[in-house]
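Note that chain A is present in both complexes that follow, paired respectively with chain B and with chain C.
Here is the complex of A and B:
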């Protein structure tokens, strides 16, 4: 028998602001795409495209991941937060830095971009001070813990190269080529976002879909391979390599997420809870988007000859939308309807459990609204991808508007989860059933 | 001494926690609740501590078992 140490989660008021602020980043990304111009389909490094990407990645997904790590680390992974006061300061610094950074990219104000970039570096440093002791070591511990610990290294690499590229833009140290942008982007998207999504899935998919009969078999090897492939691949991409080197890099970099996808599919098919709620549906949809992302990534590596209309920017844009909005985004939306209601339950109703009737998680969020949010968002991603691939600006803009609509529904539903009073659902009585004697 | 056995396998969080806390309501000093679990219930432990119970978790085999008793201290 083992005597376990008690888990300690942070206060709801500490982590909820991250979840509630995150959809604003998706809203900004959607609105930027709604007002995109012809440049968006011609160059992947057009200011509006770069602004939308950063609004989605560091405004939306990263903000929510910060909240998730602050919660999961101490409550589930056995870590601790160094300072709860720093968490509050971090939230304010991050919110201010991201909004200024995205505005500066949109208007291509390089000096403001550099200053806001320093704010982002401060945000990441504040995050790491708490996140490193919260998630533990990359060499031991549970699979989610190891994935998250490794992903923290990638946020350092992605931010470090990103700031260097901003410095190069401002001071003309060297040209910021497409290869250098691509290397930075993949450190952030595969290293930081990808490994975080993969690690958290190892915790939440078995938990919420009740997987008992199967265990992950390759999680550690997938982590090691993906991390090494991402570092190596990103460094090679920064040298602006030729066609065949790009294809080899793409195959190597997609192998880890592909193997993880197969592992998650295996777990989901072995689940005991057959009825799919929003989190289960989101898992399947996001795995579909992962497959699309991998295919588009391989085609994007081939470049002009594999791109519709001979415009590499279009397939690169579709690849980014599929990966960020589809794979990572759908995962986040599905899990947020489990994580946040559970947090509300834990902090508000746990102390009454067993003493008086309390609501369960299903009573705290609306499954119908959650599914509607997921449907609007997934449709938006497909429409925006189609607009990019077809080279149709109006379809791309429609996808952007749908992304913004999904963000608004998501935001209001999350606010309702946190602020509204909840009651246990009345027990359903079948006709003829005796309920009292 | 009585043992209340609960099978919490196949339930989504927080239902296992709710069922264990409900079962503890009528527990006498020497009684215990033995619950079969899918995984270790980290978030239950602070609540057990607050309500004055001790616990042991056996996670060595396929079937995870949590045993809860009223604290004698």
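Here is the complex of A and C:
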């Protein structure tokens, strides 16, 4: 049971920068929340909130997903990269554009926001040139391939509407209402992030946890329903609909992820690898956050009457923290401690496997540090959500500081995985054998 | 060269994700030794496991390193499909399926 056939995949040096740079986005989001002001609890479109959201979504999660797709596409899904040189250019363009974009939102410099937004569009175009042949068709291929192919369409939609809204802010074409922001956000969060998380899980959860007794039964239907519900729901939200329409949209949009969550829980409970490692633990925690996200999303759709203190911004903020930091974020942290160590194993130790004792994947990362990262991050998400729901700025800021702390631990542990020498666990070494390092 | 010797060699091929050797996992379906020539039939934990070719390469490396003469051939088969019950007691303990 292994992760990939990296012989067909890209070099470690091509993929690792995406994983190593990604926690900087989480660090930025955590620091922005740490220094948030009273506006954060009053308006979901306050500059600091929007900056933190984009730092987390396109700085942290999207950067890591880029790396994962560049690896999984050629190595697992049978696709190919158009150009490895383009991947390097893409990394530089994306890193520059995201950091400038987040800075511009923080300072509400609309012109800089528009210019950095163009850089982001360039980043997404460069990504799609490589990702489309790497992932394959939305109509054929394995379940993960189809999910990823559909999610690529959503990155185009989310970025297209996002840039249009930035243009509207600069040139005053039309008002950027809460409904329009919400439509853009859901295209990105459910369409791009959600479908990517869901699709990758169909590949990784059965592999890592040795699931044989159960098979996914509704993956294709969940994909079709979620994709259609997200497009339709986002377009309806952009019209700033009334209460009952919002509630119906929320129910329809959450049905797909909820069904996927049940399917993943079913698979996890049927796993043959009973001893849980960090990825297994992260899967259970992230499914818990998915349930919380769905509940908060339904309450957020009701609006003022269901919001603590009658402030919709508070429940919307908690909803975003649960979905981005909890569901998607915890999943990503868990998978990072599998994908990156495996790449290191393959590129550094595989050639010696069987001839000399080499470390296995579990020897390349510290399970203790990985669990600590997961625990700090999950606690941070809960504290930040509590701060938002209670309307307590100090608690929200504490949650932000914990998010930043988790990001630093995560970053250093990933750097250690890539750079440090590793040794096999003593039980795998026979007396007198020469160890490959 | 005896079948048992080849089996011992194959115990050095460790699944990098599970940390368990392929013999203990029950992934080796057959070992045929004809003088110095060795034929292996093996599987992966699922037909979709994309590491099949790489595992075959690891087995070939181990055999080439361990056998001085003769030829080796490694065939990947999926009938019967691997089942966790094919793993030995130590592997099941490592997976957490039975107590240590």
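What we mean here is this: the second predicted complex is superposed on the first by the 420 of 437 C-alpha atoms of A that agree within 3 Å, B and C clash if a C-alpha of one lies under 4 Å from a C-alpha of the other, contacts with A are read in each partner's own complex, and residues count from 1 in each chain.
Methods note: a contact is a pair of C-beta atoms (placed from the backbone, for glycine too) under 8 Å apart; a residue touches a chain by one contact, two chains touch by 3 or more.
These figures come from a predicted structure and were not determined experimentally.
Participant: Is A:207 contacted by the first partner chain B, the second partner chain C, both or neither?
Facilitator: both
Participant: What is the contact status of A:76 with respect to chain B (first) and chain C (second): first, second, both, or neither?
Facilitator: both
Participant: Touch check for A:361: first (chain B), second (chain C), both, or neither?
Facilitator: Both partners, chain B and chain C.
Participant: Between chain B and chain C, whom does A:140 touch in the aligned arrangement: first, second, both, or neither?
Facilitator: So A:140 meets neither chain B nor chain C here.
Participant: Should A:274 be classified as contacting the first partner (chain B), the second (chain C), both, or neither?
Facilitator: Touch partner of A:274: chain C, not chain B.
Participant: In the superposed arrangement, does A:353 touch chain B (first), chain C (second), both or neither?
Facilitator: A:353 sits against chain B and chain C alike.
Participant: Please write out, lowest number first, the residues of chain A touched by both chain B and chain C across the two complexes.
Facilitator: 1-7, 75-76, 206-208, 210, 212, 272-273, 342, 345-346, 350, 353-355, 360-361
Participant: Can you list the residues on chain B that touch chain A in the complex?
Facilitator: Residues 9-15, 17-18, 20-25, 38-40, 42-43, 45-50, 55-60, 67.
Participant: What residues of chain A sit close enough to touch chain B in their complex?
Facilitator: Contacts found on chain A: 1-9, 75-76, 78, 206-208, 210, 212, 272-273, 342, 345-346, 350-351, 353-355, 358, 360-361.
Participant: Name, in rising order, each residue of chain C that touches chain A in their complex.
Facilitator: The contact residues of chain C facing chain A are 9, 12-19, 44-46, 48-55, 58-59, 61-62, 65, 83-84, 94-97.
Participant: Once bound in the complex, which stretches of chain A touch chain C?
Facilitator: That would be residues 1-7, 75-76, 142, 206-208, 210, 212, 272-275, 338, 342, 345-346, 349-350, 353-355, 360-363, 425, 428 of chain A.
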